[in-house]
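Mind looking over this structure? Questions follow.
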């Protein structure tokens, strides 16, 4: 049966031995945070402190967005049938796809395309951004990562970019995202601000995260939110209720601030 | 349609406003880590620093355990069919159930039962532990949270308990887990050490996590590991390969240590 | 690796050989219907013609029930995110659990319990039915399989029982279901008719289907309905729409009859 | 909330009224088989008798293919963790995607492309088949629907095509599939026979099934097989066993024939 042998580079397991990407797990425990562990598991190396701060900010920014996202509605719908919590959140994970969460990957690819064009054609950021914008426009498509149905000035975007700037970690990805934002405003006369998906896309690119993992970052960030909604459904609601997608009221703690 | 109105206490969302359990998300970003955000989302309050350290250690301890867990085999099997990454990890999440991950919840309930008996009957920890052990023995059941097929001295358990002791955060849950461990050794003559599930169970109890969320903590911790395996499958393997459950070799980085 | 060898009694596969429960599949094709094949796959033997007719009626009765079941709402919610059709219907399948579809299994167990009591205590059907009814009542529980939120006289129940009676296939299961229906009416003064779940439960019992497969029969019957809804969502609706659980209008063909 | 109103053309539901695509469900029960009901649910109309025979043959042909398909391995892996049957088969459904089951849709598209070319360019079937074959060859791709890793002469294909021919239901789809088969044999000197995916693809095309539903037909056909495997796992095996993908022995009924 030797032909079935395969290899994996993630964990080395033996009796009383558990190593993640080479590190004994007991040496990591108490020394690194969960976000650093996620970076290690997914990308193979521990992040430096500034990268860890940015990753934590991204994960915290995406933990939850209320009850309206389809991932939450799918989760509470399944939870309402008496299914196990794992089935409820699995339905939520299945909802994170092309149109829900998918904009991060689309935006990473768009920014990468513009950066590649700048390099191959020797263009400035601005010229490459204009070229990409016009290419989307000519096929009637919208650039992913700009504008939001609800937030005109998304506080997550502002804070994430401020943090990245403060830590001096904005690179070509973020520069191109800003060039695209400026291009849209100039070309259309209507500013369409970089949204949280576009901002995360730019920052993940600058952290060398492959676009194929973008949706996964969002799933990892959002799973605790899905769990919170499934648990709330099971704790507070009657089974098999009819779930209205928008007629829902917040009844949690009032506005408060970190001390 | 007013009868369909419902309430949720997790997030308050409005134009340019995203508050998690009352906190503006932009104030949390850059200030708290992902683990603290998870605690806030699930339990409604931010953890104190010692609790955050312990939570991070628990999440890091459970990030991955190689290729043998059924959640990983289900994930790579689905990934191998060319399904999207979300479908692959959803299959992994569905595998985290009664016998895989479920021991944490079972162990939390067993420890709670012993603690309740100590209180209601005015027993010492030792007497209540013995009573629970004998009740399991009389119905031919094994106490959950003790012994491991592979690890006789699980490094995750040792490290987690050391950390909790150092931080002075062991309470009744951990005391009862230790009383149960001593009872088993004394009653059977064969020490069956507290395993990582039992240790996490005791610690989560002492952190006031409800047992109904135990499986969810494990899912949150393990999802990044599942993503890493799905991504590796898609990056390194041919589609539709036959996946041997044990004939697999580690080919990642050699042993290394934190600097 | 011999210790990993295992056995399966469902299909025998070899080069140019596919046998289902011993039958060459090419001999079955064109000779038996899908429902008979399902019976063969699940229970190991081909059904006789009357059983096949009843199974077909059960599957047809449960194909769809409009948009209100949570399995459909979960399916269209996931479909609305641009996820593949398989992800959408998987979310629907995950919704078929304790409170949605689960009543068939619960009802099979309740009827079996009454039948076992009749046998062990030498009771008449009526006496055993009364005993079961009172046992449920004493713990404040409702007998599963009776009453429906919408249908006071469910046309599926009437037709299924008529068919079973015409074919002379009602046995102890159905007799006990009717005894329970009579007991409820007599004891409470309020008739609570056998619903479609209870009728299917009684009939499946009389066909020797194990209760552990009851939910699966419902999943098999309903999957085509879920597919129809997912396909309709993808064909007719815009992505990421908000999906109201009840404010939906039927716009398909008007009432028509078999020729 | 009127803006949330939506429409569905599948079922009309009211008190004591359940109509599928306009037909009262109680009129269908006992009169049509499950396969005819599936056709009605998915395509909106009842099939004629020859179509129903062909559909039944397709569903029966695809009920199961032993333990080696990834959908079965995912299903038994999840079942082995003690997860509910619905979670186990949902993981199997998620495995039916691009490389597993997906060949039917790919093949329908390829055949359609060749038919469209024949029509638009006024080519014979043979000329259009050659053109498609060369277009695939030039980009190093293989035509989907031809050849099989295990079956050189798949008994399902032979039987399905014989049935379709006997019923006089082969149309352009099947003619083009045969033209492609002849082209491959002639062009390469190595016959690569139409496989079961390609045969089903050709026949579904001739039955006017849209390619977007091809994978769904396979899911519907295979779900009972997945259920059988999940049920066998739960009935015969110990939890959390290691599941070898190929070292499995058939121990069901020996070869037998329809009487």
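The chains carry the letters A, B, C and D, assigned in the order they are written, with residues numbered from 1 in each.
Note that in this section a residue touches a chain if its C-beta (ideal position, glycine included) is under 8 Å from a C-beta of that chain, and two chains touch if they have at least 3 such contacts.
None of the values given here were measured: they were computed from a predicted structure.
Colleague: State the smallest step count from subunit A to subunit C, taking one step as a move to a touching chain.
Modeller: The fewest touching-chain steps linking subunit A to subunit C number 1.
Colleague: Counting C-beta pairs in contact, which comes out ahead: B-C or C-D?
Modeller: C-D
Colleague: Validating interface symmetry: for the copies subunit A and subunit B, is the fraction of residue numbers used by both over half? Same or different.
Modeller: Comparing the two copies, subunit A and subunit B contact each other through largely the same residue numbers, since over half are shared.
Colleague: Calculate how many whole Å lie between the centre of subunit B and the centre of subunit D, each centre taken as the average of the chain's C-alpha atoms.
Modeller: Comparing mean C-alpha positions, subunit D is 40 Å from subunit B.
Colleague: Measuring from the mean C-alpha position of subunit C to the mean C-alpha position of subunit D, what distance in angstrom results?
Modeller: Subunit C and subunit D have C-alpha centres separated by 23 Å.
Colleague: Any idea how many Å lie between the Cα centroids of subunit B and subunit C?
Modeller: Averaging C-alpha atoms per chain gives centres 36 Å apart.
Colleague: Going by the touch rule set out above, which residues of subunit C reach two or more other chains?
Modeller: Those would be 1, 4, 68, 83-84, 86-87, 90-91, 94, 96-97, 242-247.
Colleague: Pick one for the touching-chains graph, please: line, ring, star, complete, other.
Modeller: Graph shape here is complete: every pair of chains touches.
Colleague: Would you pull the subunit D residues touching subunit B in the complex into a rising list?
Modeller: So the residues of subunit D in touch with subunit B come to 1, 68, 70-71, 73-74, 77-78, 80-84, 87-88, 90-91, 94-100, 102, 239-240, 242-246.
Colleague: Which of the residues in subunit B end up touching subunit A in this complex?
Modeller: 1-2, 4-35, 37-38, 41-42, 44, 46, 53, 55-57, 59-61, 63-68, 84-87, 89-90, 93-94, 96-97, 150-156, 158-160, 163, 212-213, 215-216, 219-221, 223-225, 227-232, 234, 236-237, 241-244, 247-258
Colleague: Over in the complex, which subunit A residues touch subunit D? Could you list them?
Modeller: 1, 4, 83-84, 86-87, 90, 94, 244-247
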